[in-house]
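One chain, chain A, links the two complexes that follow: it is found with chain B in the first and with chain C in the second.
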Partner chain A sequence: MAAVGSACLLVGLLAALYAVGSALYGARTGRRQWVVSSRRAMYALAGLTVGATAIIQAAYYRSDFSFALVAENSSTTTPLFYKLTALWSSQAGSLLLWVLLLSLFSSAVLFSTRRRHREIAPYATAVLAGLAAVFASLMLVYASPFEVLVNPPVEGSGLNPLLRHPAMMIHPTMLYSGYVGFSVPFAFAVGALITRRTGADWIRSTRRYTLIAWTFLGFGIMLGALWSYSELGWGGYWAWDPVENASLMPWLTGTAFLHSIMVQERRGMLKVWNASLIVATFVLALLGTFLVRSGILESIHAFGASTIGTPFLIFIGVVLAGSVALILSRLGDLRTEARLDSLLSREAFFLLNNLVLVGICFVIFWGTFFPLISEAVTGTRASVGPPWFNRYSTPLVLVLVLLSGVGPVIAWRRVTASSLRRAFLVPVAATAVTLVALLLFTSAAESTASLIMFCLVAFVISVVGQEFARGAAGRRTMTGEGRVAALFGLVARNRRRYGGYIVHVGIALLIVGVAGSSAFPEQRDVRLAPGQSMELEGYRLTYREATARILDDRSGTGAPITLGAIIDVEKDGERFQLSPSRNYFGSNAASAERPVAGFFEGEATSEVDLRWGLSHDLWSAVRPDLGVLDEAVRDADRRFAGAEFREAQGLVVAALAERYRRQAPPAQFRTLVSPLVAWIWIGGGVMLLGALTALWPTPDGRQRRVRSLYAARVGRELSRA
Partner chain B sequence: MAALSTVVVLAAALVWTSFSAATQASTPSQVRASADPERSYELTGKVVNGSVESGAEDLRFAVRDRDGTAAVPVVYSGVIPDPFREGREVIVEGRMRGGTFVAERDSLVTKCPSKFSKDNQASASR
Partner chain C sequence: MEYALAVIVLLGVVALVVAAPLRPGAEAEAKEDARRAELEAAKEAKYREIRDAELDLRMGKLSEADHRVTDRELREQAITILRELDELAPEEQPAAR
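Right after this comes the complex of A and B.
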């Protein structure tokens, strides 16, 4: 089967190369049938990649260790869920995932635009197929997922325990969908530039794809944060780790792009800026893919030097240089159709929002790549830490939140004093009330940045609330519907606009969580013996007893040994229990001389237990002290050295675990009270809801699109006349 | 014009502070040879076999050069990353205090083990 898989990839590469050639030939000569043929080659590529993925996934399912990839990161004892997600933990597998997603996205966009954009689409096809060809060749030359082992091992290495988390199914695929999705607007932008059709057409056709990519990427980042909060055992959701930063950068420029294209659609301005932004976003997305794999920066994600580093970097360089050259050669075609009328206008505020977003992106870029910059400048590698990132990103985010409140309600072109009053009277009053309430009833004043942030969030939410209320009231007078029906009708008729507002509310809620949890965290690390207690923020935590489970890990990771603790918690008469634990995966190197020790020496991961709350989370992790077992383990190893009975091994390990439970020594506990963290996840959910609202197709959308296009053109011509 | 000069000033501040606030990456032999107690360093190397001792309050271990034997003792407190073990590659931030590297709280980063990254085809998602 591996040979069939390799053949799928090779034929896929040929199909991609053919698509590039036939699309370009068709575009140059005007022969439509060649363009149609190139599109079909893309469908064929999608089919072949799906086939290749199915073959490798079937091998994972069967634990066929003659596939090198399966032997490397799966095993018979790996739970099924993690067998089927192990693919993208490897370099070859993630390249395959890239090509799979790219060919599927490309097929979808080429199918949906098959009757439009006769000029742009062929070039976009060539770009997309070219990208697929590069990734397919990287796979075939440097990291094939179909490498075969002549002497397959009896058992595989298993999936890295750190990756055994339910988010493993979604987090990497979402991030990659985001990265890959940006290649669609990028390809159409290149097509538009080549054909000098620099209006807003390419933007309209790919806007949905941009939004889909943006949503996937944002959701992926959010899941990564949740994963780190609940698995990594340090209680944080964001560490300014290079790979985290790499995923945030294209999201920020993508956010800027989604805003600035509205200015191009409405006013025909910012064309160079938009083309540059989508190029930047796509290059950053490629860089994100690269950083995960390269190992050039110290990150908990980059586990080793990769084999595709240099060719991939050259590829990124070619994409960047080619795009910049293309934009420069088309500057004449990218002239703006209108001028900025006033600094107090929506387009000016969108421009400002773009500058701030790109500014944040630049800060992150500089900080992330600082080790390389400093090595180039001073000769020594040095890095900047989280405080440096926070110092610059905090004020910029404050400004951004303010802008997200002003932008939606300020008028296009220019504003009048009365419209300003109408738009901002209620929100400013609401902000003032919030400020007073925070100062009187909470300790928020201890952190100025957080205080300002909470007030701005109140401002944003009241602006959006007012917009919804006014829109719904207007609809009620027109249609005579009930309040709820009018609200839903309003959103349904203007999904993009109100979806966007919902996203703004989501961001505001998320920021509440970030501001609260970063400014007011309470943390204690203590060592407790069973029966001992500690206090934190009014909670009394008592280590009641140790737990030990064999082949019964509740979180489903398949760990053979799980040691943990039961903690009784009490606060104001309320009682509940937390049971954090630690999974021990054992090392494969259990030798004949030491048949038992291996079980306690391999990988171990923390399984955090936490109690969610809207005001704060109580979070706890435990690190059992295995020192008490050392002697018994050595003793068992001596007795059973050289013995060949696996059942006895299991019994001995179970007895040792039981001994730990009965004679539990003091264990190290980390306990956190993180205020408002839940709002990060709630805000993320609201953002997703908003994005889906904006994405949901309207039944009469097509008709209205045509109408609004027409209206916009008439409007532009009238304004010129 | 005002906006442009603001941008320039901010960018200059950014560049300047990044150089002054940065922590230098060093190997054990480098910090042993020339350590300025006023500066903080990012120590990278491998955990020496048999050197790990966990006390009630802190964790003590020694870090050696990636390819060498020069080692420096480290005192660390805070979260111990799950993959931390003897022989693993670590990064830890801190200052030299009388021959011992006193690490900042929670600054320990452990690279993923080679068992799961055969031929460096390492896992990369978290």
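Right after this comes the complex of A and C.
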């Protein structure tokens, strides 16, 4: 089947190249049938990549180690869920995922716009097909997922243990869906620039795809943070790691784009800015893909050496240079249609919010690439750490949170002093009450930045709450509905607006979590023997006993050996247990001379145990000391060296694990009390809810009623005109 | 051999898919009125703006005077779109008129 998979890729590349050619030919000659044909070629590409993906997934399912990719990233003992998600842990699999998602996104958008954008769509098709052709070529030339081994191994290497976490396996598909999704507005922007149709039509048609991409990317970032918090064993969720930063940058510029396109839709302003923003977003998305795979910057998230670094970098350069040249050549067509009426208007605040978002992105870009910049300038590679990022990004984030509260209550064009007073009276009062409560009842004043952040969050939430309350009250007056029905009716009729407001609340809640957990964490690293205790923030933690399990990892990673601890926890009369552990995955380098040691010398991962709470999390990780087993392992290696003892091997390892459990030495514990961290995940969930609300399509029937209602009203005025 | 056969079969399938619109008499889709679809989308967007402005008025974000100006501008733009739509198919007059 590998041959059929390879054939799918080759024919897919040819289909993509055909789509480029026929779309451009159709656009130049005005012969529509060639444009339709190019669109069909993109559907064919989607079918071929789905076929190729199905073939490789079937190979993973069957543990068919004649596929080099399967042998490298899976094994017979890998749990099924991880077998089916192992594809994107490799470079070749990532590229296939890119083409798969790109072809599906492209097919969806080209189908939905098939009766619109006659001038723009052919060029957008050519751009999307061109992108697919580049990725398909990289796969065929540098990293084919269908490489076959002449002598397949009996057992595969297994999936990288660090990736064996549900969040981490969903995370890449979300992240890539975000990256790839931004190619849709990018392609239509290029089409609009080429055809000089720079109005808001292309924005209206692709806004939904931009929001989908933004949602996927944001959700992917959240899953990555959750993975970091619960898998990496250091206690944090964000380390300003280059790959983390690379995913955040396009999300920030994408956020700016989603706001500023509203100004172009409403007022015909910010056209150059919007074109530049979507180019920046897409190039940053490509850069994100590049950083994960290139290994150019050191990162915990960068997996495997890459063979596509140089050609991919050239490709990014071509996209950037071509897009900038196109924008510069169309400056005359991108002239604004209106002027800013007032600095106190929604469009002015959107522009300000854009500048802050891009400012944060620039700070992150500079810090992320500083090692390369410093090496190029001084010859020495220097890097900046989290304190540097925090120092420069925190003030900007404070301004951003303030703007996310001000923006929703400011009207388009201009706002009067009386409406400003009316809009801000309640939120400012709520903020003042919050400030007093924080000063009187909490220790928030110990961190000025956090205190300001909490107050701004109160401001944002009260603004949005007031928007919902006033909107629902207005609807009740008009319709006579009950409170709840009016609220739901209001959101259902204005999904884009109120979905956006819900996202603002989600961001505010997320900021509460970030501010609390980063300003007031309590951490202790201690070495405890069984029976010993430690105290942290009123908790008394006692290391009761060691645990040892063979092929019984309760988090489902398929780890052969799991060593851990049971900790009795007590606080204010409440008692519960934590059971952190560490998984040992063994080394493939285990030789006939060292058949037992290999089990303990491979990769090991932390399985954190934590007690979630709205006020704080109690988080615990353990690092067992395997020194107690050294002599026994050496002895076992001597006894069984060179011997065929595969059946006894498991018994020996089980005996060693049991020995660790019974004679447990002191173990190293890291324990954290992280305030408010749960609000990060709650905020992420609220953001997702808001995005889905904004994305949810309006029912056709309702749309028709609205259409006829306004058509009648506009029609009446037309008859008077 | 298996590879070559797969390539030939898949190429044949793709050729059938992409060549269909190029056959004589297969231009039905090509004649669809794209301009009408664009204008319909523009009209929807304009109606949404009118509704948003009304919501802003009800919530006190827009004064009566500002709303009157904005609403008039938006309705004029909507009228322009409706006129263009009418010009595309004069025989299909909107029922509301």
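Simple rule for what comes next: the second predicted complex is superposed on the first by the 695 of 721 C-alpha atoms of A that agree within 3 Å, B and C clash if a C-alpha of one lies under 4 Å from a C-alpha of the other, contacts with A are read in each partner's own complex, and residues count from 1 in each chain.
Definition applied: a contact is a pair of C-beta atoms (placed from the backbone, for glycine too) under 8 Å apart; a residue touches a chain by one contact, two chains touch by 3 or more.
Fair warning: this is a prediction, and the values are worked out from it, not measured in the lab.
Novice: Does chain B (first) or chain C (second) touch A:H117, or do both, or does neither?
Specialist: A:H117: touches chain C, not chain B.
Novice: Touch check for A:P371: first (chain B), second (chain C), both, or neither?
Specialist: Touch partner of A:P371: chain B, not chain C.
Novice: Thinking of the overlay built on chain A, is A:R204 touched by chain B (first), by chain C (second), by both, or by neither?
Specialist: Touch partner of A:R204: chain C, not chain B.
Novice: Once chain A of both complexes is superposed, is A:G224 in touch with chain B (first), chain C (second), both, or neither?
Specialist: A:G224 sits against chain B, while chain C stays out of touch.
Novice: For A:S90, is the partner it touches chain B (first), chain C (second), both, or none of the two (neither)?
Specialist: A:S90: touches chain B, not chain C.
Novice: Please work out whether A:L128 is in contact with chain B alone, chain C alone, both, or neither, and reply first, second, both or neither.
Specialist: Neither partner.
Novice: Across the two complexes, find the residues of chain A that touch chain B and also touch chain C.
Specialist: none
Novice: Contact residues on chain A for chain B in the complex?
Specialist: Per the touch definition, chain A meets chain B at residues 72-73, 88-92, 94, 143, 157, 160-163, 168, 171-172, 175, 224, 227-228, 232-235, 243, 292-293, 295, 298, 300-307, 355, 359, 362-363, 366-367, 370-371, 373-374, 377-378, 380-385, 387-388, 391-392, 525, 527, 587-588, 603-606, 623, 625, 627, 666, 670.
Novice: Show me the residue ranges of chain A that touch chain C in the complex, using the header's touch definition.
Specialist: 3-4, 6-8, 10-11, 14-15, 18, 22, 32-34, 36-38, 40-41, 43-44, 48, 114-118, 200-201, 204-205, 265-266, 409-416, 418-419, 422-423, 467, 470-471, 474, 477-478, 493-494, 496-497, 703, 706-708, 710-719, 721
Novice: Give every residue of chain B touching chain A within the complex, in rising order.
Specialist: On the chain B side, the touching residues are 3, 7, 10-11, 14-15, 17-19, 21-25, 42, 44, 54, 56-57, 77-83, 91, 93, 106, 109-126.
Novice: Would you tell me which residues of chain C are touching chain A in their complex?
Specialist: Interface residues on chain C, with respect to chain A: 2-3, 6-7, 10-11, 13-14, 17-22, 26-27, 29-30, 32-35, 37-38, 41-45, 47-53, 55-56, 58-63, 66, 70, 75, 78-79, 82-83, 94-97.
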